[in-house]
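The letters A, B, C and D name the chains in turn, as written, and every chain counts its residues from 1.
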């Protein structure tokens, strides 16, 4: 059996947000008298874990544990406006809106706590565990729960805040294309190793080794989820997927998961990755949007690895065994010097 | 057309319903019994989201006529946790970040349970085969494979303890 | 997955309590117990099922529609055609002034792709609705169709979409989105090598395991509650209000828990029809794509054709890059005009090139309209760019990573779209990946940084 | 509208229920029939259930008989059918395998029907029963003539192959299981160092499973050496009529068939 191995590299960046369409999202935060913080949104979790990371962002910004944050999202009657979950904007846009709202709520919280403890609010800090205490004097402390109760029943104050993140819309110049398409960029580099069956054109992806620069991994395991799932999707795009296998001919469009080809659990390559963080100046705690990018670098890396293995360029997706085999046969018929 | 009787056991509890001849088992579970944990992803038998156990064997509830389940013992994802304690698979999926959107999760768990009930010490290939009829679009499968292997190890050590 | 903390340490705080930790997913226990509630897990008594009569043709004039046999079928509650839709012609991105309206909710006198929705059937069960669909008679005059983006732009090509008057989206008077930076012709003239290559993709389906759909419930107070798996609640609400010509106050969208999106659920297809159906019948209505519909009727990622012409020096500097890019929008705009602009902005990739010209065309053909997908406007461009980079590196005899580091953008570099680079980290991701994979780099490339010019 | 569900007391009775009713179907595993219903095949009005008719039995011996309602999972669980385990496993994931039946597989079109490919190589005959008669038909004839209304497949029957004489491989895009790019099954009994009674069958190389008679001829009476394998590979595509589909084009199937046949014959690991 004739097998040839090759290695290929690709490096990409990815824009966060849709500045070209205007990009606002809002968040409202309020404390209940149970001392929990409700974050009202109209944002959607597609499975990437938006609800979890928004919990973390709110908890961090107010200074309470995540268990004290309740995400109430995706009801247009109660949640303020969100453009939607796309364009790798969720963490960045909605996260920023939550931080703004949380800061406003935190200010009221600290003011009430200051009244209760009879100190200046400037002298207080949150412990991240559900209490507020005088800086350097942990014993002079009050639970957030009691502050929330006092705010409502004693001080007549709402511990609440309003937040919005709006990126001014960029209109491209019609002549030059001058524009500001995104706020920040994430980065990725993938090195793919493949084995090509030179008699059948079948490609096995042996490994995907990647580095991802994500600004700040707010939840590292969820970033890893995006990375592993995205790399699989990239491999799938590279070698398998199409709704029109004979494009531009419309014939034989797949109708089910047997016909719509994607790698199965037996095709998963060895995946290794490392995370780099260069904080985004405008991101929530430095975060960038990475969910979409993770699928991109594996595709050309695999294409380049195939060339490295057998000297065949397949410049159309998906790179099917047929395309590889046709390339190998054409090369054998009229040997060309390598590029 | 008269409705047909369906008497079967679901997660250890006997159920009796009258169903139409063309009623699918998945629709009876979801619409009549309110067990919506069994998902419908394709209605074609190609995604595995509706996987349940019938008499211990994995089956596609979207391709099973409800009347065919008469007298059978059905297990759904709701039947995995026993007396409020999560099954080791459920714990491993949650702890191992093996779920993203969660839509395939029920079918994956049930398919995995079918494997572990039969083979408590599966190798990676056996796990891969066990979920080979189940589509996941989010995770890239790797975390799911690892979670099943971890659950198998947990179950073995719990048994030997 | 390891964090490489050596890079950019000076810019980081690394001091979060709740962020930077792998908090358990708040939805994980719901997922593993089956308790997570997706839109379709809600039940409403008396719910009707909606099935669609779809075009079997890629391009055809509709001479007549006869729904009488379908209406006679017991269990069929209502048949809906375009005449029932208050403002039938729309386009999703009119909300951000991307116009004209170019897509009928239900086809009027023409169908422009195979699978286009024409008549909605509402019935007591899915089976009855399916049977009724088969009984609707549509008389078609089949028209010539066009499927290739460049053929579609040739004179005499069949006109796909009359609302545009030609087979492309018009960008402020131009037939494509343009980016102009420096002078590419001058760059090519100075280059040691000039090569032009062609790249092509075909449409790709999002394939979420949960298909697109919604349930609409008429409330006692006259409002409609729509349980949907849309990725963008207000996109849906606003467009539906305009299509139905009802005050926005009448509509409520509830969602937020979605069985995979990947961009496919940003479209607004099922909700307006289901809302109209609920209004007309006074009953809850479910409209969910079958898997077949999800595969062939829902918007895919657009096929793209990309020509890249590069001028490169023997020392590895790319001095000019000209990109001609064609996005196959299919029959209607949906999000493609936006994605095409995003594609143009992404060129020439994360590299600093003094002379760049981009023409990005949004082209209409007689296929399923394409729309947003993970990496919208970027993924296929990255494929073309990064394969091109590999070819260029080999052309000038350089290591592919060294070649990229030579050209990688650095902080302060001017991008083709007129923005100064900030926060660059391409060089560092390459260094980290090379280390991970045991790919040898020169001392110079190992020392390169995104934060200083010139490698 | 609603579907009529009926049970029969005997296969003969079931056959007579089907014979006179265009809207009636015999339900085996459901992987084709129930899917067709859900996809909108409104011609299906009545379903005759197959359970309780004794069609789910396996009889081992010099002649092997597998009931038509035997599932792939049952085949896998039967140690006496070890040579068919790779075939049964290749049909799909475990849930499909615990539903899909041997009988149902005989009716599958390209790119499905890999179990029938194996049976074709094994020289199986199809035992069917009508309202009042039982008949046995060569599988090859059954496949080419198509199913007959009013007859129910009871079982498939074939001579147990000699140890190691049966080989099978299925080429898929997706792993571990997917629809066939192509599948090959071969019965290669060796007698006195030479192949005697070779039978080779393909899946997805024609609309229905087919015999590769030119390959059989090339192998017959020769030792299974490099020359014979080369001759077989050269004759591999003869008589094939593959189709374009989402798995692969007809061109690709023809192009790689000799390679995969050669690997199967030379015993390479798949």
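Everything that follows uses one rule, which is that contacts are C-beta pairs under 8 Å (C-beta built on N, C-alpha and C of every residue); 3 or more make two chains touch, one makes a residue touch a chain.
Keep in mind the model is a prediction, meaning the values are calculated, not measured.
Engineer: Just to be sure I understand the contacts, which chains border both subunit D and subunit C?
Structural biologist: Common neighbours, subunit C/subunit D: A, B.
Engineer: Going by C-alpha centroids, which chain is farthest from subunit C? Tell me that one.
Structural biologist: Farthest by centroid: D.
Engineer: Applying the document's contact definition, name the chain pair with more C-beta pairs in contact, A-D or B-D.
Structural biologist: Output for the comparison: B-D.
Engineer: Could you please state the distance in Å, as a whole number, between where the Cα atoms of subunit A are centred and where those of subunit D are centred?
Structural biologist: One centre to the other, that is 47 Å.
Engineer: Could you work out how far the Cα centre of subunit A sits from that of subunit B, in whole Å?
Structural biologist: So the centre of subunit A lies 30 Å away from the centre of subunit B.
Engineer: If you average the CA atoms of subunit A and of subunit C, how far apart do the two points sit, in angstrom?
Structural biologist: 17
Engineer: What are the residue numbers in subunit C that touch two or more other chains?
Structural biologist: 22, 24-25, 27, 127, 207, 258-262, 290-292
Engineer: At least two partner chains per residue is the criterion; list those residues in subunit A.
Structural biologist: Residues 46-47, 49, 221-222, 224, 230, 233, 245, 253-260, 262, 264-266.
Engineer: Considering subunit D alone, which of its residues make contact with at least two other chains?
Structural biologist: 1, 37, 39, 176-177
Engineer: If you connect every pair of chains that touch, what shape comes out? Choose line, ring, star, complete or other.
Structural biologist: Contact pattern: complete, every chain touching every other.
Engineer: What part of subunit C is in contact with subunit D in the complex they form?
Structural biologist: 74-75, 127-128, 130-131, 133-134, 290, 292
Engineer: Contact residues on subunit B for subunit A in the complex?
Structural biologist: Going by the criterion above, the answer is residues 42, 44, 46-47, 97, 100-103, 125, 127-129, 131-132, 135, 137-145.
Engineer: Spell out the residues on subunit D that touch subunit B in their complex, using ranges where they run on.
Structural biologist: Residues of subunit D touching subunit B: 1-5, 27, 29-31, 34-35, 37-39, 47, 49, 51, 73, 89, 92-96, 98-99, 176-177.
Engineer: Write out the stretch or stretches of subunit B touching subunit C in their complex.
Structural biologist: 22, 30-31, 34-44, 46-47, 49, 76-78, 80-81, 86, 89-91, 93-95, 97, 99-106, 109, 135-138
Engineer: Subunit A touches which residues of subunit D in the complex?
Structural biologist: So the residues of subunit D touching subunit A come out as 171, 173-179, 244-249, 251-252, 255-256, 259-260, 263, 268.
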